[in-house]
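Once you scroll down, you'll see the structures, which are given as structure tokens.
In the two complexes that follow, chain A is the common piece, with chain B as its partner first and chain C second.
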Partner chain A sequence: MKRKLPLIITFCVGIIIIISEFIPHKPFGQISGELEIWFLIISGFAILLGQLSLLKVNFLKIKFKQKNWPFFVVTLVSFAIMVTVGIFWGTESNHGILGNGEGVASLIGSKPFDYLFNNVYQHLSATMFSLLAFFIASAAYRAFIARTVESNLLLIAAVLVMLGNTSLGSFLTGWLPQSLSFLHLPNIAEFIMKYPNTAGQRAIMIGAGLGLIGSSLRIILGIERSYLGGE
Partner chain B sequence: MKKSIFLFFLFSCFFLYSQVGQYIDLDVVDTPNDDGSSLQINWQVSDCDSGNVVLARLADNGEKHVLVKTNNLKRRYEDGTDVQPGVDYTYILSLYGANGEMIEEAAFTATSKAQWFNTNKIALLIWVIILTVGIVYFIFSAKSGKELYIRKISGLESMDESVGRATEMGRPILFVPGILDLDDMQTIAGLTILGQLALKAAEYDAELIVPVCRSMVLSTAKEIVKEAFLKAGRPDAYKPDSVFYLTDDQFGFVAGVDGIIVRDKPAANFFLGAFYAESLILAETGFASGAIQTAGTAMPSQLPFFVAACDYTLIGEELYAASAYLSKEPHQLGSLKGQDLGKAIFVIVLTIGIILEISGISFLKNFLTLH
Partner chain C sequence: MAINKNIDRRWIFLLIFFCVALPLIFIVGLPIETTENARLVHDLVQNTPSGSTVIISFDYDPGSKPELHPMAKAVVKNCFQRDIKIMVTALWPMGVQMAADIFSQLEPEFPDKAYGIDYVNMGYKAGGMVTIQAMGKNFREVFPSDVNGTPIKELPILNGVENYNNISFVCSFSAGDPGIKQWVQIVHDTYGKPVTGGVTGVSAPGILPYVNEQKQLNGLLAGLKGAAEYEFLVKSPGTATAGMDAQSLAHLLIIIFIAIGNINYWRNKKNAANAGGE
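Coming up: the complex of A and B.
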């Protein structure tokens, strides 16, 4: 029964969701939205599980003085500070248990939670994101090394697209007459992005869509059960 | 006598027509293919170059609730505020001149109705039926013992190699099931692969690290890994803290996983699920650490990054097929064959569609377009 009940629920909910896609009449039309609300409610409770896991894992690493344990102290301290200031003085749109934090806000310009969010978190997040620029450069360098026919094609396409998107591209081919405008680098870059690139992406999306349908059917019909933690 | 009665009737009709709707042509219809929660009001003002129209809905107490004021003399407005199916609603359209004087007023009463079938989705229904029948047919065909050829997916074949390498090197295996929640199919596909990977890790006695980005994924991943260790007959080797939550934040999660890669130096990294901008940051950090990397996602914009930085990449459908492929169970493999049939049908329909479009026939395109 421990196995069968989840399978029965999965089957019933899956079938109802498929049917509701085609029937706008009540109650089918509302089912999908209602289930999304249920999901959000369950997620809300599950957040507590996540926080407990975070605290437990980091606390144990500190307790047993595992390798690099000071990093985990930083995590726990940061967590504690954000939770504390959030509970005491609230956030931008919410009151805390000590009120709206006007006194603290007059000192630092905003509520402590928002101050830390805007001045620490946002910058750290932007730093991580900006690393992407360097990683793109290193990955592109490896990807564009001309070794095989395919990598040569990739290299040529990449150079054309990159040049076509810069003013240098326009400068290099700007002298060509209007009758040869299809050879202008910006036009070539646009062509590559618009046709071969879009076609490739759509092929992947169609394949992924079919895969999604196949996976969904396997789960709804109870053939695929590993998400339940076993066969 | 009869002639004079007929002329009088004709004149009366003309007189009435000229009083009601001389300028305004008002029509209210039920919005098709909806749950009866809206009505469509169409109006057209003729023989009038300029002016303003005010559309109002008559409430039960006789008050007018203004819905829209505009100088657009031909327009469609959809009223979806508090409209219940089966209830009569009266709409009044007032036409005002340039100086604000009322020229004409017209009223129309209509009822909305909830539909039992969305006719805009007939094409979708046909596709669903064809694909479902195809997949179910091949599942039963495989169950009956028919041999099915499934092409080799090198990214999945390499799983043994990755786990073996990690065991030999005495380093952990890192598995990241994407950054989206359980409501995304890619996350579920990633988690089904985690089950197979955890089984192999338990058999090889390799350490498995699973940082997750969502609390719901945490509890599911924990159960999956625990069951895999039980199935392998090594429940003692299961570490509950091997699956842990980092943060819901995208770049906070990346920072955490990158820290694990740099500090613990896993021998094998698996990035299987839904990824966004963090894909390349994770994959490049893993590449720099020298790990053997397998990635898979159905996000077309992230696939090039994984292809450039990882040893093996599961492209789109391969991610969804992974669980069935690894299980080697005939009925699961049968569903993959069904997907291939769907692809073949897609190619045929696309080819026919291209030919028809070139020929100037748009029937197929219009039929397949979801409105």
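Coming up: the complex of A and C.
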């Protein structure tokens, strides 16, 4: 019964949702609307579960002194600080248990949570993303080599799109007459993105869509049970 | 001096640093050309009647801020200029702060725009696609109050706004999943309302197929260039316009590196062939 009950629930919910897409009237439309609200409530709990999981995983890594364990201490300390300041003084739009934090805000300019978010988290996050520029440059130097016909095509397309997607493309070929506008770099980049890229992407999307339908049917019919754990 | 394949990566990093940093300090002012996708987004906003309500969803976090924030700011500004009412949502937890930052930046420029009357921040809601789907039936069940906890019935902007039928269009600034793709699949494909927005440069190729004859997506602002194009269209140059010079030079440098890498490869190949022949 422990395994059968979730399978029965999954089957019933899956079938109701599918039927409601084709018959959005009573009672199916109403039931599917109710199920959507249930999903939103469960999603809220999933956030809490994620936080508990983060705590557990990091605690265990520190306990067993796994490789680079001091980094996990940093994660937990950062997590504790953000949660604590958030609970005590709230955020920009919410009160905390110690009030609205006017005293602290007068010292540092904003509430501690917002101060840390604006001055620490935002910059660290943007820095991580920006580092990509350095690694892409280094990787391009090593990887974009014209070894075969395919790699030649990739290389030419990459260079044209890279130039066309910047102001440099407009600057380099902006002088071309109207009759040769098809050679204008932004137009070439737009053509590559609009036709060859879109064609490839659509093929991937159709394949993924069919795969998704197959997986969903397997779950609804109880053939795929790995989400229950075990097996 | 022969350029070795094992060139110290730090030299590459240093050159990239200068190529990005210098144009930000000494602005070159390279030309900006608009694409059809950016013009479609602009036309949608321009053709929306004043007083209409639109949804702008902030589906990104600080990691994508340099690319998405300028375009979001330009679109919000354009909506304010056209007296379009804005309902803000966020499918990403930190989208709420991103939206708050933009409205606080625009406050001095639009002092007459009042919270709750001209714009409202509904906050973050978990659930991704299901949240969007549930909003189609009734906003009030998904967002019973705004981000400050003010009940929806006390917000004049939402008087008579029940679902997507009362919305002119949805605009999503998206850095991944959930994001613009889910808005298209539900709001356009199910409810037939126009959807537009902007994405990061790397995710643009995956979203572009939705810009088609059926107008599943009504234009798309792709990366920093898309943001600069929109700033150009609304005649309000901002951080994206300034960043285009840096991006252009960085791309040029990458192309130079690719050329050097290829010259090295062919020279090594030729040397190996000559050595084999001797």
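The rule we apply is simple: the second predicted complex is superposed on the first by the 177 of 231 C-alpha atoms of A that agree within 3 Å, B and C clash if a C-alpha of one lies under 4 Å from a C-alpha of the other, contacts with A are read in each partner's own complex, and residues count from 1 in each chain.
Here is the rule we use: a contact is a pair of C-beta atoms (placed from the backbone, for glycine too) under 8 Å apart; a residue touches a chain by one contact, two chains touch by 3 or more.
Everything numeric here is computed off the predicted structure, so don't read it as measured data.
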Request  = Check whether A:M193 is in contact with chain B, with chain C, with both or with neither, and answer first, second, both or neither.
outcome  = second
Query = Taking the superposition as given, does A:Q201 touch the first partner, chain B, the second, chain C, both, or neither?
reply = both
Request  = Quick one: classify A:F39 as touching chain B (first), chain C (second), both or neither.
outcome  = both
Request  = Give one of first, second, both or neither to describe whether A:S138 is in contact with chain B, with chain C, with both, or with none.
outcome  = both
Inquiry  = For A:S53, using the defined touch cut-off, is the partner it touches chain B, chain C, both, or neither? Pick first, second, both or neither.
reply    = first
Inquiry  = Applying the document's definition of touch, where does A:I81 land relative to chain B and chain C: first, second, both, or neither?
reply    = neither
Inquiry  = Tell me the contact category for A:S226 with respect to chain B and chain C: first, second, both or neither.
reply    = first
Task = Could you tell me if A:M128 is touching chain B, chain C, both of them or neither one (first, second, both, neither)?
result = both
Query = Who does A:S216 touch here: chain B (first), chain C (second), both, or neither?
reply = first
Inquiry  = Identify the residues of chain A that lie in both the chain B contact region and the chain C contact region.
reply    = 36, 39, 43, 46-47, 125, 128-129, 136, 138, 140, 142, 201, 205
Inquiry  = Give the list of chain B residues in touch with chain A in this complex.
reply    = 33-36, 114-118, 121, 124-125, 128, 131-132, 135-136, 139, 181, 183, 185, 188-189, 191-192, 195-196, 214-216, 218-220, 223-224, 226-227, 231, 241, 244-252, 254-255, 259, 263, 277, 280-281, 283-285, 298, 300-301, 303-305, 307-309, 315-321, 323-324, 327, 331-332, 335-336, 338-339, 342-343, 346
Key: chain A - residues contacting chain C, complex   = 33, 36-37, 39-40, 43-44, 46-47, 92-94, 114, 117-118, 121-123, 125-126, 128-130, 133-134, 136-138, 140-142, 144-147, 155, 158-159, 162-163, 165-168, 170-171, 174, 186, 190, 193-194, 197-198, 201-202, 205
Inquiry  = List the residues on chain C that touch chain A in their complex, please.
reply    = 5, 7, 9, 12-13, 15-17, 20, 30-33, 35-36, 61-66, 97, 100, 121, 125-127, 130-131, 133-134, 137, 141-142, 147-149, 201, 204-206, 208-209, 222-223, 225, 228, 244-245, 247-255, 257-258, 260-262, 265
Request  = Show which residues of chain A lie in contact with chain B when the two form their complex.
outcome  = 18, 21-26, 29-30, 36, 39, 42-43, 46-51, 53-54, 56-57, 60, 67-68, 71, 124-125, 128-129, 131-132, 135-136, 138-140, 142-143, 201, 204-208, 210-219, 221, 223-224, 226-231
